[in-house]
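The structure appears right after this line, and notes come after that.
Just so it is clear, A, B, C and D label the chains in written order, and each chain counts residues from 1 on its own.
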Amino acid sequence: MSLQEGPPAAPDATTSESPGTERLLAFSDGVFAIAITLLVLDLRPPESKHGLLTGLLDLWPHYLSYVFSFVIIGIIWAQHHFIFRQIHRSDHVFLLINLLFLMWIVFLPFPTSILAEYLNYPHDQQTATSVYIGTFFVGVIPFNLLWRYAASDNRLLAHDMDPRVVSKITRSYNLGPVLYLVDFALTFISVPASLIVFGLLALFYAVAPLPIFDRIWKGV
Amino acid sequence: MSLQEGPPAAPDATTSESPGTERLLAFSDGVFAIAITLLVLDLRPPESKHGLLTGLLDLWPHYLSYVFSFVIIGIIWAQHHFIFRQIHRSDHVFLLINLLFLMWIVFLPFPTSILAEYLNYPHDQQTATSVYIGTFFVGVIPFNLLWRYAASDNRLLAHDMDPRVVSKITRSYNLGPVLYLVDFALTFISVPASLIVFGLLALFYAVAPLPIFDRIWKGV
Amino acid sequence: MSLQEGPPAAPDATTSESPGTERLLAFSDGVFAIAITLLVLDLRPPESKHGLLTGLLDLWPHYLSYVFSFVIIGIIWAQHHFIFRQIHRSDHVFLLINLLFLMWIVFLPFPTSILAEYLNYPHDQQTATSVYIGTFFVGVIPFNLLWRYAASDNRLLAHDMDPRVVSKITRSYNLGPVLYLVDFALTFISVPASLIVFGLLALFYAVAPLPIFDRIWKGV
Amino acid sequence: MSLQEGPPAAPDATTSESPGTERLLAFSDGVFAIAITLLVLDLRPPESKHGLLTGLLDLWPHYLSYVFSFVIIGIIWAQHHFIFRQIHRSDHVFLLINLLFLMWIVFLPFPTSILAEYLNYPHDQQTATSVYIGTFFVGVIPFNLLWRYAASDNRLLAHDMDPRVVSKITRSYNLGPVLYLVDFALTFISVPASLIVFGLLALFYAVAPLPIFDRIWKGV
């Protein structure tokens, strides 16, 4: 055995063109679609000791976390697509960052289960909520990395992209980490308040791209 | 932290063209395919206290709800495609409505499990059936929203689409909510009757697009 | 409410061209990929009362049924693709037959679980094997329907397709139902023999398309 | 019944062109995306006898095996794509080898579960680790087969591909089996050491294709 054999698939060993982002995006889309669909596996028919209807109503933390996670993953999917529409090339570092990002997306059903399971238990609801919201804070990091790596020095963007637009998008992504960190801190003060803020954040990110808010964002 | 950073990905911040519906449809297809396949997870090998064959026959509510949900999701998939074939553009509101619609599609294995589990329990079978059929009634709403948003003022349709065809499709979608609401009400009167009607509705929606019925729909 | 509203999406109500088979195939591929991957959910870490290694070895019926079902679904996927390569158009009946076929594909992990769970139980192994092999016999029917509907009167095939080739393919599909029916009958005589024949059938269908056998098929 | 009916879909019976690798790759991508996403199903909310936080921390073997398997499957996916970019044609043998390879990919969540479950049990942790790392060693075989079958005699590659590049890639794939075999042997000596080596191997395969290492691979 000799190191001369080298690593597999070093880019210089390939004769084909550097691939675009199509397959990377298709693979990511598949992972998104599956992760978002697996959320339903948390919803199981309840025991019906006091009747099925009571059992179903008692599952409200499961419905809440299902809706929260579904909406957020859906919005992140849309944002991920927005980023990939600006990006015209790919490289190995970008592939690795995207893999890190997907590792986080696939992880999301787990804190969702935790929140669903423990939101009703006084002793553990704070831990469950901290883990849940903290996970979303953590995920902002690989997401920001994806964009910043692609955008710095116009590395993977269209060559004629307006630098002012690029820096505007970059600035807009600064907001997320701060908001989610604040909400994470809030879980230690008040669980209900942190979840209400979390829902408002989801709503904000869902509706912010609507044209109706264009003037507001331009005015500030 | 300043609001000047604005929201992420406001459309005015992008340089690329407004995307078509291809990726939205591909993502939706993935979600459909996974949700329809997860239905099998409800089918688990039975205990065999009285022999495996008896155990398998006792699972009949599971087979029934599997077939019902599979056929209906399959037909909804076909209808979703039909809508998207008419639609040539997309916007953020449409994306959000489609997300709402997918949240309902992903939810469907849950009421399917409930029906499978409780159809054999006299005390809870009515609740289970009401929840099952009620869920399909609720789902008609985002489905209709999808079409109506795209079609009103010819917002996202082909520019040369015949307004008479558009309004004919719109009218045809008025029928569903009414039929499912009636069937939902029927669950409070007779569970078997409501399930038979549900099966007939599925059959109706499956075969209605067949050319053989063209003359009937034109005649009425 | 009046029937004048008609059924949703009757083909005559659409302005767009009759769709090709691309989306139908992409959806089917997604369902195939998920159904084949869900097979792994049957493989769970064993209890380790007598050590993990013993526990793992005791799972052999699970490995056997995993390999059987994976190979067969893989071959059916390849055959499904072969059919779709000959087919250039689609219609609503074809869509419904394909849906029926997919309902069977999605169902397959269930008899696979049954075989895995009960192959080691003397009282139930015959039932489990009959259900398993019987399911594959049943599935040949929608598969044959798919091809025969598309091929009869050259309904959905390429217009210039050689009728002799078409009828050769049709004849080749006659063999499957007979072979699986014989193997199904064999489960009532000897479970091990029927499983060996089942494995040989899978092998036969896997290697039969190899060029090396061309002369044999031509000679007979 | 006569053998004259022949096997289904013998290649000589088709009128359409030999298919490219697109659909094979799309199907493989779907299987990869699902297998990598199913890894999260191992992460279940813990019992909270000593508090949820303690329960979550006790799950560390689950997090470790999740990260390991996710990164490795991600890298294998990238390598699989690299191979397919060199390959311009497909044939039935190649399809079968790819099916064998996918059967191994789909299997991976099972040894991942075993490692997660038993890493904390002194009596079984060595067996669990041997099974886990041994599985990855086994998987190198179908992966190498894929490339070697396609590359030998330039069977499925681009016609103008440089033979020196081909043999360089072939040599680079010789390293993997040896490294994983050594690490498999190491599990019998020291479980922690073998897992550290496993992590380093994953890291090595993740970063090896980076341009920064080009000179190193060229120098050796």
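Structural remarks
The rule is simple: a contact is a pair of C-beta atoms (placed from the backbone, for glycine too) under 8 Å apart; a residue touches a chain by one contact, two chains touch by 3 or more.
Just so you know, these numbers come straight off a predicted model, no measurement behind them.
Of all residue numbers used where chain A meets chain D, under half belong to both copies. The two sides are thus made of different residues. One simple way to say how far apart two chains are is to compare their mean CA positions; for chain A and chain D this gives 26 Å. Remark: chain A and chain C have CA centroids separated by 36 Å (rounded to whole angstrom). Residue positions 26, 30, 34, 41 of chain D each touch two or more of the other chains. A ring topology is adopted by the chain contact network, closed into one cycle in which each chain touches exactly two others. Across the whole structure, chains are in contact as follows: A-B, A-D, B-C, C-D. Chain D contributes residues 1-16, 19, 23, 26-27, 30-31, 34-35, 38, 41, 92-93, 95-96, 99, 102-103, 106-107, 109-110, 113-114, 117-118, 121, 123-124, 127-128, 131 to its touches with chain C in the complex.
Of all residues in chain B, only 25-26, 29-30, 32-34, 36-37, 39-41, 43-45, 48, 51-53, 56, 66-67, 70-71, 74-75, 77-79, 81-82, 85-86, 158, 161-162, 165, 168-169, 171-176, 178, 204-211, 213-214, 217-218, 220 touch chain C in the complex they form.
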